[in-house]
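Structures for review follow.
Two complexes, one shared chain (chain A), two partners (chain B, chain C).
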Partner chain A sequence: MRAIPATFREQTRAARAFAEQAWSGASTTDRLALILVPLALMAFVGFVVSAVVMLGPTIDFLGANQPLVRFGVAAVGILLLTVPTAFVLIYMELKVIARMNLRVGPNRLGPWGAATSMIHGFKVLSKEDFAPTGADVTVFTLAPAVTFLASVMTLLVIPFAPGIFGQDLNIGLLYFFAMGGLSVLGLLMAGWSSFNKYSLLGGLRSAAQIVSYEIPLTLSAVGVVLIAGSMSMTHIVMSQSGSALDWFVFKQPLAVLIFFIAATAEANRTPFDLTEADSEIVAGFATEYSGMRFGFFFFAEYVNVFIMSALLVTIFFGGWTAPFNWPWAYNLNWLDASGIGLLWIGIVAVVLFVATDILGAAIWLFGGRDWSAPAAFGLGFLVAGAGVTAAVGLACFIAFDWVQGIFWFMAKTYVFVFVFVWMRATLPRVRVDQLMGFAWKWLLPAALLNLFVTAAAILILNQPVTPR
Partner chain B sequence: MPSRTARPNTGAGARPQGPPAPAQHRSEDDPRVMLERDINADMYEPIPPYPTQTERESEFYSSGDGEMFINIGPHHPATHGVLRLVLKLSGEQIVDVDPVLGYLHRGVEKICENSDYYHVIDQVDPLEYISSLFQEWAAVLAFEKLMDVEVPRRAEYIRVLSGELLRIASHTLYMGFLALDLGGLTPILYSFIERDEIMEMLASLTGARMLFNYFRIGGVNGDLNHEFMSRLGDWMSRAAKQTEANAGLLNENEIFVRRTRGVGVLDRATALRFGVTGGNLRAAGVPFDLRRAHPYSVYPELDFNIPTRDEGDSLARYLIRVDEVRESIRIIDQCLHNMPDGPVMAKLPRLLRPRPGRAWGACEGPRGMMGVYAVSDGSDQPFRFRIHDPSFMHLETVPTLLPGNLLADTMTIVASLDPVLGGIDK
Partner chain C sequence: MSFIPGLGIARGMALTLRRFFEPKATIQYPETKPDVAVRFRGRLQLLYDEFGNLKCETCFQCAQACPVECIDMGGHDTKSRFYTHWGPAETFGERREESAVRRSGRPVPDNAFTHFEPIDLVAVEEILEARDYDPREMLPILEEVQAAYGYLPIAAIKHIGHVTGAPYALVYGTATYYSHLSFERRIRTIGVCRCTSCLLAGSGRIANAIGEALGTRLGGRPAGGIALEQVPVHSPGAASPLVTLDGKPQPDVTETSAAAWSRSLAKKSVA
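Right, the complex of A and B next:
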C-alpha cells in the first residue's frame, strides 16, 4: 500500500512518477497510439465544430463566387485527369510500338502489362531527387513545373462534352496557344540551368523549334476562326454539329495538314523530336533530370500528345459531336438522373440478383460435375454484372448527351494519339536545318495561302446579292 | 593520404573503453575525393590534363570565339562501341573533331605472338565481333601460305558459304543501326530478326553463336550438318524477298534519304589516300574487291558482281550494302549447287612449326580488307602477327568528313562508315 500523498506538490510528483513508469513500460505501438488517438479526437471535434459553424458561410461564399469555384474545381480536375491520361498513353506507346516492331511489349505487370506505366510512375517517385553540381538549383527545380503546368493548363478550355469544360473563354483558342507557348520557357530553363552541354543544345533546339512552329500552327487555326466567327472552343464545336460532313476538316483540308505537322513539332514528337534526340544529344534538356522532376517532363510530353490530338479534334473534327445524325432523343425523362427513376433501381438491384440466380442455377444444373455451387454462382454473378454494367452504360449513353460527347471526343482523340504513336514507330528524325527550313519555307507560306483563300471565299460567298 | 592504422584489439568481444578514437579517414584529406568547393566550370572542358604534346593537339584544344567542346562517347547512345569523339562546335556546326581511341585495347597482336598457331584463331575472333569469321579467315589464309597447306575444295566452299552468310548478317545489322542513329526505331528490330536467323544457323554449324572459332589451318572444324542445312533452306526460301522488304523500309523513306544524301562525301582520291577499302571505297567509285582483285578461295569459280557507286556519300555507302546483300544471296545459292564432296580438313601435324618466312593473307570482309601479316621464325608461335583492320582506316577519314556538317550528321557519317571498335582498338 502506498500512502496517499498529502500536499498538492506530492500529488503532482506521484502522478508524474506514475506517468513516467507507464510510458517507459509501454510498447512503441502503444506510445504511438497514446500520441495519435488524442490528436485525432481533437482534430475530429474541431472539424465537426468548424463544419457546423462554417457550413452556412462557406456555401454562401461558394455561391457568391461561382466562376472562381468553377475554375478551382476545373483546375484540380484537369490536374487529376492528366495522370491517368499519361499512364494510358505511355502504356499505349509501349504496346503499339512493340507490336509494330514485332515484339511483345510489356506483359508482366497487370493484365497484358497494363500496370507497367503505373509502376514506372511509382519508380520515378521513389528515385532520388538529384541536382547536379554547378546547376542553378532554383531554375532547375522550377523548369519541370513550368513545362508541366503550361501544357496541362491548356486543357482548361478544351470542351470534352456539352457542359464538361473548364472555362468557356471567348478567347479560348488564343488562350490555348498562349499557354502552350509557355512550355518552351520550361524547356529553355531546364536546358540552361542543368550545367550540361547536351541539355543546353536541347533547350536551344526546343526554343528554335517551338517558336518556329507556333506560327504555322496558329495561322492554320485562324481559318477556322474566320468560318466559325468565334474563338470560343464551344462555339467552334457547335458550329460543326450535324454530321461528319459539317466538320471543318472538309472546309479546311490544307489547314488540317499544316496543323497536324506543326502540332507534331509542338509536342516534340518523332520525326521532330530534336529536343531529346537520344542518338545525338543523349536526352536533350532532360539529360540531368531524375526522379519526379524527370517524371514531370515525361508526363508533360505525353499529356502534350493528348492535348494536341484533343485540339485537332476540337477545331477540325467536330469535337464532341457525333459523326452522324444521332437518331434518338437525348433526354429520356424516365432515365433522368436527377430524379433517380424506378428503372435504375430495378436494373441495378433486382435484375442483377435475378440474373445471377438464373445464370448461376443454369450453370450449376447443366454445367456438369465440374461446377460447384459457389463457382457456378460466382460466374453467374460476373456475367450478370457485366451485362448490367453494359446495359447501364448504354442507357447512360442514350440518356446523357455528355456521356455521348465524352465517348465521341475520346474516340476521335485516341485515333490521333494512335497516329502520333504510329509515326514514332515509323519515321526517322529530321535534321535541325531541315526542320527549320520546312517550317519557314513550306508550312508558313502554305498557312498564309490557306488564310487568304479562306478569307476571300468568305468574302465572296457571304456577299449580299444586290439586284440592279 | 593518412595511413589507415588498425585499432588496438583488446580481446574478443571487448568494447573499447573511453572516448571513441577520432575518425581516421576524412574525405577532405583524400585527394581522390572531389569536393564541391573544388569544382569550377573549367573542369567540364575536355582539355587534356597534361600539357598538349603535338602541334595538332594544341591547335585543336584552343577554341575560338563562340566555340565549345562536346564529348560524343565513350558512353553515348549512338557510338558504336567505345569510340570517343571530341567535337569542337560552333552552334550546331562542327568545326573540328578529335577521335580518341584505345578504350578497348587488349594487345591482341602481342597475345597472338605468344600463342601457338592453332590458338591464334581463337584470339582474333573477338576483334570484329559482328563478323568474326573474316578475321579468322585472314589469319588462316596467312598461315596456310606460310605452311604451304592445300585446303580441300569442300572446306573452301563451306568457308565461302558461312562467310557470305555472315556478310549478310553484318550488312543487315548495319542497315538497322544506321536507321537507329537517324532516329528510326523499327528497322533495327527487323534487322535483328534476320541476323538472329543467320546466327542460329551458324551456331548449329560451328557450335558458337558469335565468336565461332570455326576455320582451321587447312580446312574448317566440322562438316555441314542437317540442322544447318534445314535452317539455311528455310531462310533462303524467303531471304531475297525479306531483304528487299527490309531495305524498302529505308530506301523509300523521304526523311532517311534526305538525311543521308550528300552527307559525308568521301571522294575517290581521299578514299584511296586513307587506305579505305570495302563498301566505303566502292561507294566512291573504285571497283576494288579482294574477291576479284586478289582472288582467294573458290571465288574465281563463282559468278557475282561488284556493285559500285559514284556519289561517295552516306546514302551510296548504304545502298552498296543493300546491293552486296543481293550478291551474297546469289553466291550462297551457287555454293549450295556446286558444293563438292570430300574431306573438310587437310592432314596436318599436331604441332605446327612452319619454316622461317613471312606471309600476307587478306580476305574481303563486310567492312573491307581484313588482313594479317605473319612472320615465322621456325618456332610454333608466330614471331610477328600484324592485323590490318579496315575499320581503323575508315575511322581515320572521320576528321576530314565531319567539319562543316551539323552535330546530327556525326551519327550519320560514323554509322555509315560502319566501324567496329573491337577491331580498331585491337
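Right, the complex of A and C next:
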C-alpha cells in the first residue's frame, strides 16, 4: 500500500500521474466516454441552472417583443422547412420519373432509396467551391444566395394552416410576386459575374423568360384579388372556405390554366426549362458554378416548385380548407387535447408501455424460435409506437384545426408537385421562339381577357367588393 | 377528326401515368440473376492484379474453348518491340506444354491441332443438293451425312457450312447437341470370305446381297456405317460360307437372310 502524500504539491503530482497512466491505458471508447460524459453532465447542469435562473426574464423579454420573436421564429422555420422540402422533391422526382420510364429508381440508400437526395446534398456540399479567374467574386458568391432567398422569402406569406404563417400581410400577394421577381436579379448576377459569355447569355435568356412569364402569372392572379377583395393570403383562403365547390378554380378556370403554365415557366420546369436545357446547350447562368453555390441554385429551383404549387393551392384550390364540409365540430369535448397536460402525456406513455409489453411478449412467446427477446420487444415497440403515433395524430387531426389545415394544404400542394414532376417525365422542351411567342401572343391576351371578364362580371352581378 | 388543342399533351400524360403503375423492367442484378442460355459462356474479361499486371497466364483455355475460333492469342515479344502471333494460325489454341512439345521438334499427338483429313465430298454434295442447300434442314442433312460416312467428318461439316451459308458454329453446335451424331468413326465391318469352298457354298451371292442392301460393294466405300470387306484368311472345308461381323463369325447368316440382316444392322449402327 502506497503512503498517502503529505503536501498539496505531492498530492497534485500523484493525481496527475494517476490521470496520465489511466489515459494512456484507456481504449478509444473509454477516452471518448471520459470526454463526453463530463461534458454532458456539465451541459445538463448548466441547462437546468440557466432554466431556473433565466426562465422568467426570458419569457418576459419574449413577451415584450412579440413581433420580433414571431419574425425570428418564422424566418428560422421557413429556412428549416426548405431543406426537407427540397430533399423530398428531389427524391420524388428521381423516383416518379424512374417509375414512368419503367425503371425502379434509386433503391440503395436508405429504405426504398429515400436517403439518396440527402447523400446527394452532402456530395454537393463536399465539392470544391470554385470561382473562375476574372469573376466578380462578391457578386458571384451573392448570386445563389439572392436566388435562394428570393424563393424562400415568398414562403413568409403562404398560410399553411389557420395561425401557421410567417406574416399575414394585407398586400401578401403583391409581396409574393415582388419577391418572386427578385430571383431574376440573382440569375442575372450569376450570369454577369461569371466572366463567361455563355453564362451571360444564359442569364439574359433566363431573365427574358422569367420576366415574360411574370406578367401573365401576376395578371391571372388579379382576377382572384378582384373576387376576394383583398390581397391578403389568409383572406383569399377564407373567402374560399366551405366545400370544394367554393374554390376559385371554378370561378376562374382560365386563370388557373394561365397561372399553371406561367408558373411552370417561372419555376424553370419542363417544358419551359430553357434556362438550363442540360441536354441541348451549355448550362446557362450556372455554367461556371460548382459545389454548394451551384447546389443553391437547384435548391432554389426545387423550393420554387413547392412554392408555386403552394401558391396555386392557396389562391385557386382553397388553401388549407378541407375539400368538403367537415361533418363534426373541430373540438370534441371528451377529447380536449388542446390542453395537453401531464395527464395526457402520462396516458399516452402508459398505453405505449403496456402495448409494447403485450405485443413483444406475444411475438416472443408465439413467434417461434427465431425471435430473441430484444428483437421481439423491439418490433413490439415499433408496432406499438406506430399505432400510438397514428392514434395521437388522429386525435390531433380532430382536435386541432391547424393540424387539419396543414394536412389538407400539404396534400393539395404535393398533388401539384406530382403534376410538375409528371410533366417533366412526359413533355419535350419547347423552342425558345415558341416560348416567347406563347407568352406574349397567347398567355398575355388571355390573362387580360380573363381580367376584363372578371371585372365586368363583378360589375354586372353587382357583387359587393368587401373591403378589408 | 379535327384538331383539338392539348389532346396530344393529354395523351402523353395518360401514357406516362399508365407507365407509372406498370410492372418495371429492371432486374436487380446482384440479387437476381438473369436467365441465360445453356450455351452461354460468360463475358470475356481480362483482369489485372493489384500490381497492374495482367492476370492472364496464357493458359489458352479460352482460345481452345471458342467453337468458332474467334479468340486467337497473340502479344508482344519479350522486349516489347513488335506485336506477334505465337506461331501459325492453327497453333493459336495450343497449350503451353503442347507448344513446348511442338517447338522441341517432336510430332504432336493431338488431333485438335492436326488438320482435318480431307474426304471425298461427292456424297455430301448429293445429300445437300437433295435438300436444296437449305440450312433449315440441318438436322436431316447431318443425319444423312453420318449415314453415308458412318460419322461426321470435320471436312464435311466445314463444307456444309460453306455451301449452306450457316455459320460453322451453328453446324458444329447442332452436331454436338444431338447424341446420335458423332465425330468419331463408329464403323462396323462385315467380312465375307472368298476362299474357294466358301465361294462354292455361296459367299459370292451373300456378298452381293449385302452389298445391294447397304448400297455398296465388296471392298468399296462404307455405307450406313458399315464396311463390306473380304475376310483375309479362311481355312477351307466349311459347310456354310463364313460371314463375320467385326471379326466375329455369324453362322446363321444365309443367302436368304443376308439382305434383311445387313439392313437391320445398318439401321442400328446409324441410330
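In this text, the second predicted complex is superposed on the first by the 372 of 468 C-alpha atoms of A that agree within 3 Å, B and C clash if a C-alpha of one lies under 4 Å from a C-alpha of the other, contacts with A are read in each partner's own complex, and residues count from 1 in each chain.
What we mean here is this: a contact is a pair of C-beta atoms (placed from the backbone, for glycine too) under 8 Å apart; a residue touches a chain by one contact, two chains touch by 3 or more.
Note that the coordinates shown come from a computational prediction; the quantities given were computed from them, not determined experimentally.
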Clash or fit: how do chain B and chain C relate after the overlay on chain A?
clash
Could you tell me if A:Asp278 is touching chain B, chain C, both of them or neither one (first, second, both, neither)?
first
Kindly classify A:Ala75 by the partners it touches after superposition: chain B alone (first), chain C alone (second), both, or neither?
neither
Have a look at where A:Met423 lands relative to chain B and chain C in the superposition and call it first, second, both or neither.
second
Of the two partner chains, chain B (first) and chain C (second), which one does A:Ala395 touch, if any: first, second, both, or neither?
neither
Check the residue A:Arg103 against both partner chains and state whether it touches chain B (first), chain C (second), both, or neither.
both
Once the shared chain is lined up, is A:Val88 touching chain B (first), chain C (second), both, or neither of them?
neither
Tell me which partner touches more residues of chain A in the superposed arrangement, chain B or chain C.
B
Looking at the overlay, what does A:Val453 touch: chain B (first), chain C (second), both, or neither?
neither
Which chain A residues come up in both lists, the one for chain B and the one for chain C?
100-103, 425-427
Per the contact definition, I'd like the list of chain B residues that touch chain A in the complex.
36, 39, 41, 44, 68, 70, 76-78, 92, 179-186, 189-190, 193, 253, 255-256, 258-259, 406-411
Which residues, counting only chain C, touch chain A once they are in their complex?
9, 12-13, 15-17, 19-20, 22, 24-26, 28
Where on chain A does chain C make contact in their complex?
96, 99-104, 107, 422-423, 425-427
Applying the document's contact rule, which stretches of chain A touch chain B when the two form their complex?
97, 100-103, 133-134, 195, 197-198, 201, 270-271, 273-274, 277-282, 424-434
